[in-house]
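Next come two complexes built around chain A: one with chain B, the other with chain C.
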Partner chain A sequence: MAVAGSSQRASSQFLKRLRSSLPWYPFIIINALVFVLFNLVPWFSMFRYSVLKTDLLSTREFVGLDHFVRMLTDAKLHKAMLNTAWFTLMYIPLLVVASLGVAILVNRPLRGMKAFRAIYFLPNITSVAVLALIFRRFLSPRPDGPLNFLIGLVGIPPQKWLIDVYQAMPSIVGISLWEAFGYFMVIWLAGLQAIPNELYDAAKVDGADGWRLHRYVTIPLLRPTAAFIIVIATIGALQVFGSIFILTGGGPVNATTTVVYQIYNEAFNFGRFGYASALSILFFLIILIIALIQSRYLRFGDDVY
Partner chain B sequence: MKQSVLSRRQFLQLSAGVTVTSALAACVAPAAPAADSGDAGMETTTIDVWAYPRTENDGDIVYGPLNEGFHAAHPDIMVQVEVQPWGGRREKLYAAAAAGEAPDIWDATTDTVPAYITKGVILGLDDLLTADDLADYHAAEIDAASLDGVLYMPLIEAEVNGIAYNGGLLSELGYDPATASFQTWDELYALGERAAEQNWYLESLSTFSWGGFLVTVHEAGGQVYTDDRTDSNFLEQPVIDALTRWVKEFQEGWVPLEYAIGSVDEQGGLPDYWLSLEQVTARREDAACVQDVEANPDLEYVIGHARSMDSSITAVSGIVSGQGWAITSQSDAVDAAVTWVKYMIMPEQVGTRANLAGTTPVGNKSKEVWNPAPCTAEYVNRFGPLLFAGVDTNTLWQESKVVAGPQFQAAVLGQATVEEALETIKTEIDALLLEQYG
Partner chain C sequence: MSVSETSSASVEKPNLIRETIIYILMAAVAITTVGPFLIMLSVSLTQNIRFITFPIELIPTPMTLENFQTLFARTDALRWLFNSVYVAVISTLGGVITSSMAGYAFARGNFWGKNVIFMLFLGILIMPDTALIVPQFVVLSRLGLVNTYTALIGPWFASIFGTFLLRQAYLSIPRDYDDAATIDGANLWQNWWHVLMPQVVPTMATLAVLRFMGNWNSFFYPMIVTSKSDMRTLTVGLGTVARSGGDAGLDMAGAVLGFLPTLIVFVLMQRYIIRGISLSGVKG
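Take a look at the complex of A and B:
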């Protein structure tokens, strides 16, 4: 009897809990469905296609690991990987420093700071296509191009920017920084505002002021934020595509062809969807390994207090 | 304190209900368009057409009147025209076809078609259209819409490429715009030198303009691909001459340097030096004599002449490039689609469409219905007969563009010699020819 009663109680509690949580399930189900349809299914398809020679339309031939072997001798892929690494190595340090610097500046309790924050965030909500078109004009190689005119004022000769094999990638880095730093500034701001004032007060009592307050309080306490930003920004940097697609088409002479751009080329310009899928798997693994290493060494997710 | 009308729980339930209902509504297939009241009881077939814009509202301006006439003649066929943006059209059709969702009819461009024919996306129409249906077409127009002798997409319009000059700039350079002609490369180079002295550009060249490069090769009397598509001629003299000319023009500063790079499909965001009256000559299409002057009334538009490297070579004006109606192999209403295509390629419909869309029709009789501006008619009459089509225009179009573009950049930016660049292209293109055609 007691067992039956306890089982009935458990069952009625379960039903009660189910009833109380019922309104949440539609939200979860819809998101889960979207995730499965648009992330998980394509993800598994990628593995399936990676062992097929297919243009998705007319041909479908099993080739085993041929695509992965081909990557070893694909000079265009090697160039694209170097370009992607070069972009990431330039982009991440500059992004971290610039967005943190601006976040510290706009975190001051002064009039008009909200307006500055909004202004700095604006490029992030502007279409990358629009930004790219504006920058294409701004970086004109003509001596009277806007940027060449500005650097001419301080005596620097006109540069070719996007047309130059060596300057094209740094130019893309600059444009990408302009687009993204506002977003990361907001994340830094959240981190800065989560630091209790008491810690600054205590540091001041200990004799810290100015830069030393940032050195001994702000920066150490921003470590979790920094870890998050570095991991997320690195993943984003490795996947750079939009600005390159619109601005340079991977040129000049493949100087800005990144891995994602190469994947797009293989798939949509050459119809090699199998090879493009294999490249995507390789790239997924590279990003995964980099993110895991970063998470481990940056102690992503650890508490600091 | 006033009680809230909705409790948190009720609000959540209401939101969840709305979200689920919206999601379900979005997933339900759209209802078939209602048949006209007069057609009650008649079984209708619906066909989907993907088209690309020529006016600010093609749905109403172009396809409204055309489909009204079609529907009156064929009340049992409903036509849904979806006017899509030009950007990403290749990728979108590719994705739709791969997902089995291709439309019945696709407004195809000649440059994107070869790849879709090879992949079986588009139906050959030889058995579906009669000689009478195609009686109004020129041989080159049929050729441009065919592959290996099979017609795939009867054209409805053809862009007539030709050469135009800025008469004002010509006068300032000491030429008489009424009589000046630059029909050989040497004459063009002389014009380039004079233009450079005034800090004007001669013309503009894009390293991803495969069509532009083909025209230059044909001006030099050559052909890029062999007739049987088993080999390429990248190391032959006409192709070397063509790239040498491009390199010369870039290195002399006769063409805007910024056009050396850019998207494979577009050159958005670049200044238009032709319209800003800083460029002496340009390759333009059909009605540009009207549109360009509308855009800048100070432009003195002079229609030029077809050109060749030297007078011993037959001059060409450009490629037969245009739009045509292709029926996709996934269509489950092929008969209805053929009926619509047959109606739309009737000379009077082709001419009417050209009037509505502001384009140039193909064929002869269609031009009797066509009402172009006098300068457009002169342009089309002068350059139309000198257009070319054939193996170069329907072999590896997109692939050639993507393979050659970076190597053209290497040559024009001094990173490689012309021969080195062409050798690299040939190696890659020949491998593609082997892969595609065996």
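Take a look at the complex of A and C:
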């Protein structure tokens, strides 16, 4: 600003930059508006409301960090965190094994293979409400209910499934597996098909065969795919909600209350929007930390080749 | 998928017994995925069925549409269906067009703030949507937007993932096209609409199918932002049917109604769905 000339040059440069920039903004304006209204503003309001006690109607008072202190002693929250961990720990290994197994099964040039793959994908295009409508009936505790009848054929007595404290969560895991394995099968297939045939040929020249081909070629080369699958499946598992909301309502006796369900509960059943906002922050941090740790230790790396 | 057909061919020798075992295993998996849908269809066409009991006749006698009539008479199912179609179509069209526009700007534009905005968009991608649902509701309720189509469609009117996807597609087109268009006197909009966009139509179709399915099947968000029955989408409405404890015939009629549209889109657009998963999957 000291010398008139340089400031003039700067401003004319600025104008030039502005003139070349302006025509581009209309292309991103809608994206930006949607982003501001539905992401940025809620993001800030999450932090603002986390220090307020409010039901959005009459009460509204500042409580500082009380909500975060309360998390330490909130037994329901702790139970919800344990439930979420329990769900994830059951779901991920089963999902990885089932989807990889099916992918290996259908990764061959046999007749009708495409039809089988499409059929396996069907549960994945189904909405959670349809899944819930079907499985609420299939998991009926009646002795002549579909699943009880089928296990009866091999001599297992009828089970209570969704209304049993110990079986409810495993039942939800089963439904989630049924829904998701086709999707992850497709990702495994993409990984399997990216392995060059020459590597198998070379390994065979070196004397590898059968299982050892898979041990030394397939598995190491699938590592980036496995890492990707575990990370996104975990992020999805931590957010499980719809099937629990419709099928069990978090019960019986909180046996299927997950963190997301608990956030929903606090906000929409108890009207504690401040505490629910604080829990949202906690939940976001948990997901972020788990995803970071996984990405670090599972290594997406390209160094496998 | 088509590339793949041969990839493991050299690993295994054809063998009749082995092939038979593989087909049996595949059929077993197929029965567990298709079986529930067949029973759903069968029960929805059965008269007066309170519970699904096994063993079951797969072809009901007499066959009836009574359950569907009851569903439409007792619930707002037709209205939910309309809402779902309306919301999914507008959301998909809107999301794909805005992604195409923004993708073009990020691939070709050189504007002030481009990198900052791009990084902000990247930031949103890592935010799990369920963590943001309560704050979104708070904001929407303060704006008086609960129970409106604006709330249902709004977040779907732009797609960060789609913007990235299309940016990549535009980047793969040589700059020569832009140069030629500029020499011919095309402005940025004409260059986008007439020259570049026709070349990314397959990517836009992939995105459209993924968005449509995602929107149609979404549950948590539309449930939160609607409390009136006549504003619910089909998925949310069917959720209330599932919790209401009607008879099995009614439940399965609802399930068929919710399943058919996605099945039709899947059968017609399967290629694009698989491509979309591979794109998002392989590239991480």
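Here, the second predicted complex is superposed on the first by the 264 of 305 C-alpha atoms of A that agree within 3 Å, B and C clash if a C-alpha of one lies under 4 Å from a C-alpha of the other, contacts with A are read in each partner's own complex, and residues count from 1 in each chain.
In this text, a residue touches a chain if its C-beta (ideal position, glycine included) is under 8 Å from a C-beta of that chain, and two chains touch if they have at least 3 such contacts.
The structure displayed is predicted, hence computed values, not measured ones.
S.K.: Given the superposition on chain A, which partner contacts more residues in chain A: chain B or chain C?
M.R.: Partner touching more chain A residues in the overlay: C.
S.K.: Given the touch rule stated above, what does A:163 touch, chain B (first), chain C (second), both, or neither?
M.R.: After superposition on chain A, A:163 lies in contact with chain B alone.
S.K.: Let me test your reading of the model: by the given contact rule, A:85 touches which partner, first (chain B), second (chain C), both or neither?
M.R.: In the superposed model, A:85 contacts neither chain B nor chain C.
S.K.: Determine, under the contact definition given at the top, whether A:94 touches first (chain B), second (chain C), both, or neither.
M.R.: neither
S.K.: With the two structures laid over each other on chain A, which partner does A:221 touch: chain B (first), chain C (second), both, or neither?
M.R.: neither
S.K.: Please indicate which partner A:136 is in contact with in the superposed arrangement: first for chain B, second for chain C, both, or neither.
M.R.: Touch partners of A:136: chain B and chain C.
S.K.: For A:269, is the partner it touches chain B (first), chain C (second), both, or none of the two (neither)?
M.R.: first
S.K.: First (chain B), second (chain C), both or neither: which does A:24 touch?
M.R.: both
S.K.: Taking the superposition as given, does A:177 touch the first partner, chain B, the second, chain C, both, or neither?
M.R.: neither
S.K.: In the overlaid three-chain picture, which partner chain does A:245 touch, first (chain B) or second (chain C), both, or neither?
M.R.: both
S.K.: Quick check on the output: what are the common chain A residues between the chain B footprint and the chain C footprint?
M.R.: Overlap of chain B and chain C footprints on chain A: residues 23-25, 27, 30, 56, 129, 132-134, 136-137, 140, 142, 245-247, 249, 268.
S.K.: Within the complex, which stretch of chain B touches chain A?
M.R.: Counting only chain B, the residues touching chain A are 9, 12-13, 16-17, 19-20, 23, 90-91, 94, 97-98, 115, 118-121, 207-208, 256-258, 260-264, 268-271, 398-399, 401-402, 405-407, 409-410, 413, 415-416, 432.
S.K.: What part of chain A is in contact with chain C in the complex they form?
M.R.: 17-18, 20-25, 27-28, 30-35, 37-43, 45-46, 49, 56, 102, 105-110, 113-114, 116-123, 125-130, 132-138, 140, 142, 144-146, 149-150, 178, 182-183, 186-187, 189-195, 197, 200-201, 213, 225, 228, 235, 238-239, 241-242, 245-247, 249, 260, 263-264, 267-268, 273, 276-277, 280-281, 283-284, 287-288, 291, 300
S.K.: If we count contacts the way the header does, which residues on chain C are in touch with chain A in the complex?
M.R.: The touching residues are 1, 3-12, 19, 22-23, 25-26, 29-30, 32-34, 36-37, 39-40, 43, 51-56, 94, 98-99, 101-102, 104-106, 109-114, 117, 120-121, 124, 126-139, 141-142, 154-155, 157-158, 160, 163, 187-188, 192, 213, 216-217, 219-220, 223-224, 234-239, 241-243, 248, 251-252, 254-255, 258-259, 262-263, 265-266, 270, 273-274, 277-278, 281-282, 284.
S.K.: Across the complex, what residues on chain A touch chain B?
M.R.: So the residues of chain A touching chain B come out as 23-27, 30, 55-58, 129, 132-134, 136-137, 140-142, 160, 162-165, 168, 245-254, 257, 265, 268-271.
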